[in-house]
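Letters A, B, C, D, E and F mark the chains as written, and numbering starts fresh at 1 in each.
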Amino acid sequence: MNIKGKLVTLRAMEEEDQELLREMINDPDIEKMVGGYSFPVSKFQQKEWFNTNVNNQNNIRLIIETEEDGPVGFTNLINIDWKNRSAFHGIKIANKKFRAKGIGTDTVMAIMRYAFEELQLNRLDGTIIKYNEASRKLYCEKCGWKVEGIRRRAVFKSNDYHDELIVGILKEEYEELIKWNNYWGS
Amino acid sequence: MNIKGKLVTLRAMEEEDQELLREMINDPDIEKMVGGYSFPVSKFQQKEWFNTNVNNQNNIRLIIETEEDGPVGFTNLINIDWKNRSAFHGIKIANKKFRAKGIGTDTVMAIMRYAFEELQLNRLDGTIIKYNEASRKLYCEKCGWKVEGIRRRAVFKSNDYHDELIVGILKEEYEELIKWNNYWGS
Amino acid sequence: MNIKGKLVTLRAMEEEDQELLREMINDPDIEKMVGGYSFPVSKFQQKEWFNTNVNNQNNIRLIIETEEDGPVGFTNLINIDWKNRSAFHGIKIANKKFRAKGIGTDTVMAIMRYAFEELQLNRLDGTIIKYNEASRKLYCEKCGWKVEGIRRRAVFKSNDYHDELIVGILKEEYEELIKWNNYWGS
Amino acid sequence: MNIKGKLVTLRAMEEEDQELLREMINDPDIEKMVGGYSFPVSKFQQKEWFNTNVNNQNNIRLIIETEEDGPVGFTNLINIDWKNRSAFHGIKIANKKFRAKGIGTDTVMAIMRYAFEELQLNRLDGTIIKYNEASRKLYCEKCGWKVEGIRRRAVFKSNDYHDELIVGILKEEYEELIKWNNYWGS
Amino acid sequence: MNIKGKLVTLRAMEEEDQELLREMINDPDIEKMVGGYSFPVSKFQQKEWFNTNVNNQNNIRLIIETEEDGPVGFTNLINIDWKNRSAFHGIKIANKKFRAKGIGTDTVMAIMRYAFEELQLNRLDGTIIKYNEASRKLYCEKCGWKVEGIRRRAVFKSNDYHDELIVGILKEEYEELIKWNNYWGS
Amino acid sequence: MNIKGKLVTLRAMEEEDQELLREMINDPDIEKMVGGYSFPVSKFQQKEWFNTNVNNQNNIRLIIETEEDGPVGFTNLINIDWKNRSAFHGIKIANKKFRAKGIGTDTVMAIMRYAFEELQLNRLDGTIIKYNEASRKLYCEKCGWKVEGIRRRAVFKSNDYHDELIVGILKEEYEELIKWNNYWGS
């Protein structure tokens, strides 16, 4: 099923979403703010990636869509560990103007509801490059995640090593959060 | 080239080592002390694993051998990230009697020397299940690693969730260590 | 991510760039000025080359593009040696009129910034056929490279053997260069 | 045909030579003295390498053999560039005691005779890690090669960058050498 | 690179040239004048031939093109023997009207310049069916080739055996020719 | 059927003949006397050659065997051109002592009888390196072949170019020969 937030729908990637994904991965401003990196990506390579990264039992990759703006970003729930009931989660929003609209928060909330209430996971993992204050606020102030550690000097970008925050949230923390902020209404 | 410690030689896995590896992975006492888990492994499955896990550019898997005892364990340096110059490292010793002999320390020291002085990496990563005090002492007291965080309730074993320590060491910390303990002599 | 200079964007090769690349490789005036050589190349062969030379972990091949003129040439960063932190770099500009515009300099500067400040390489290698004075000036006068040796009589072209300059630059030399010429502004 | 020196015969690699080759590539003392490097190599990997590196039109890999001692080392003539009439040559002797016997010199002389007098090449290329004085003497004092350049800080080994000598010899220099030292008799 | 004469350009075969090639090979007047023979060739067979005869390290097959008339014939440089530095060369012009224009001479001159001055070959080989006086004149009177022998009764055509001339030219003979006829200007 | 001379039997190559063939092809004294050349050949390569050079419609490769000495050499009849009714023929005898016994002559006579009287060929082709007087005598004095031409400077060996004789024999010449020398008795 598609995953619904209050603003966003998270749906499977389609072939026609590849141009959006390619733009995001080739954009130096976005690469600066995430932990990963990529050489310049061609249309052919993007399509190859798409063909070999279809959703499967342990990895879900989704397009973030709103009724007003259509596809605006990408999110995932990967390395699902069914025994330990954990998974890794990340997010990318294509365009700065979308980032102020609450789309990020709604996506993380929707992913958590799906992960904890449907998939019965027990914890979610994430990483945040230390200087990405916006991302830390999104996860740790708005969405209830905890900083659990710091991988010192783990990421090299812009000619320097940067620390990487290890963040995580447990199901019980998510449940307290929505009781407190009443995100999904009552 | 093979990697030499003071006691151990770390060499490529051979087909005849598979029985030792299978014993370790099927041993409940060992599984209890490491982060990972495995269903019971047959000889056939072990051989399949071997055939698809030959050393490659980003993953090294090695047998720990001593002159006195022959093959006594397994260690690795995997997910080598050449851009960020980091890798993940783990170790398994087959038999308790070997663990007191300094084989663990010598293996970690030899891996660090190889990773930092030959492969030119900048940091090593590891994880330790919280109650594995012996492993924490090996890495953080004898070998200079730091606890950088705690993934809370990340591993489920023996009917309970357990915290997992995130540990790491930087090249500069390794260099201070060997200056201080003079491990390799002068 | 795409690589940005002040004039140029370096992006992944696309199928529609193959005609430009084929024109360059079939042009006797260009072949005369570079170390390599090629038999006449058909559309089919060009496409085969493209299909088997997608960017990978150790080889990046890029189109040079400017806003004003679109695709104007080709550059690469190949044989990336992650342990020794070096790579080989070359460049081809399609059309003489582009060569005077500073596109060559901007491409080499952008490649160096990417290689040294993002990929964390320590040196770049190149070769220049001895009589290609323009190329020597570009690399060694404008971009800080050093002539490190001469492979005597290494290239046969136009019925004679020609010497080939071995050129290289270290990260520290690039850093001094940009401090001195303030290429990227302050 | 096999290639004959005064002491050595250079012959094709056979499957039974793989253990010798594996010992050489896993030996840290040998790795220290050559430009290349290798992770620990298993029997399986060595065999795979053998199966995919059969002599072909552009690459010859040979075992050095003497009547007295049998197989004692490995030499090659690779990247044969038939248009520019050049090739890259390297050598490894397994055991120190063999190195004093003139086996190195005889191998290089035999390779040069074959390359220049049979294959009609015009130059041979090589590289020598700077501190390998023995190798420099062998090539540049006994066998007529010239140092043509220095790739500065090109090889990382034993926790430091090392310069690499670029060496080469032209056919005319070989011809002068054997006239002068009368190596092959008259 | 493409090969330039004074009138002709020799370029790689393209798929759209196959109809011209098929017409030539199916034309009895042309078959009569060359040493080879062929059963009637279908479009499918012609395409198969094209797909398996892409230019490679030892065989170059080229379309003869002029600015005025477009594609007018086919020429090759095959069985390149890099050690002995020789190759076999042949030519076919599609239409009689082109044969008087100097296209044949210009093609042979351009092939020789490429073979001797770029590929560094030392001799070219050819064969001429004895009664093909025009071809003998082209090669042996205008282009400096020598008749080196006669394979008696080697070709059976039109119900009779015919002798075949063995022709060849050495690099030094080509060099004398262009000094004497100043073909490429001074 | 096997081909019988007066001394020799010519039979298909077997796997157990590969060692003999490998010795011949690796022997520098034999390589010097034939037109072809080969890099050093391993057992594996020899076997590959054997597997891909099974006798077929256009190529026959045969072991020369005598009752007294067993396998003593190799001969072939290749590039059979059924339309022009010609083929190329060559011979190699392993050991000098066999060459004086009339084995060479008997092999060539047997091949000719087979080619002309069984296969209905009309001519045989061969090449002889100019200084191989023994081979010229065998073919042209004892077996009725004619020198039809000289490919000047066609073979490079022992640091020089050598001429290559083009030799051939027609069926009618073979018939005259055996009438005259009564080789097969009456």
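In this section, a contact is a pair of C-beta atoms (placed from the backbone, for glycine too) under 8 Å apart; a residue touches a chain by one contact, two chains touch by 3 or more.
Keep in mind that this is a model prediction, so the values were computed, not measured.
Colleague: If you take the chains that touch chain A and keep only those that also touch chain F, what is left?
Modeller: Expected: no chain.
Colleague: Quick check on the contact graph: shortest path length from chain A to chain D, in steps?
Modeller: 2
Colleague: By the contact definition above, name the pair with the higher C-beta contact count: C-E or D-E.
Modeller: Contact tally favours C-E.
Colleague: So which chain is the furthest away from chain A, centre to centre on CA atoms?
Modeller: Result for max centroid distance from chain A is chain F.
Colleague: Would you kindly give the rotation angle relating chain A to chain E, two copies of one sequence, based on a CA superposition and rounded to a multiple of 5 degrees?
Modeller: For the C-alpha superposition of chain A onto chain E, the angle is 120 degrees.
Colleague: Report the inter-centroid distance (CA atoms only) between chain E and chain F in whole Å.
Modeller: 31
Colleague: Distance between chain B and chain C based on Cα centroids, please, to the nearest Å.
Modeller: About 41 Å separates the centre of chain B from that of chain C.
Colleague: Need the CA-centroid distance for the pair chain B / chain D, whole Å please.
Modeller: 37
Colleague: Where in chain C do residues touch two or more of the other chains?
Modeller: Counting only residues that touch two or more other chains, chain C contributes 37, 83-85, 118, 120, 156.
Colleague: Go ahead and list every pair of chains that touch.
Modeller: After working through each pair, the chains in contact turn out to be A-B, A-C, B-C, B-D, C-D, C-E, D-E, D-F, E-F.
Colleague: Quick check on the complex: what are the chain E residues that touch chain C?
Modeller: 1-4, 10-15, 54-55, 60, 62, 116-118, 120
Colleague: Taking the touch rule as given, give the residues of chain D at its contact with chain B in the complex, in rising order.
Modeller: Going through chain D, the ones touching chain B are 25-28, 30-31, 37-45, 48, 156-159.
Colleague: Which stretch or stretches of chain B touch chain A in the complex?
Modeller: Residues in contact with chain A: 37, 83-86, 122-123, 125, 146, 148-156, 161, 166, 168, 170.
Colleague: Quick check on the complex: what are the chain E residues that touch chain D?
Modeller: Touch list, chain E to chain D: 57, 82-85, 118-120.
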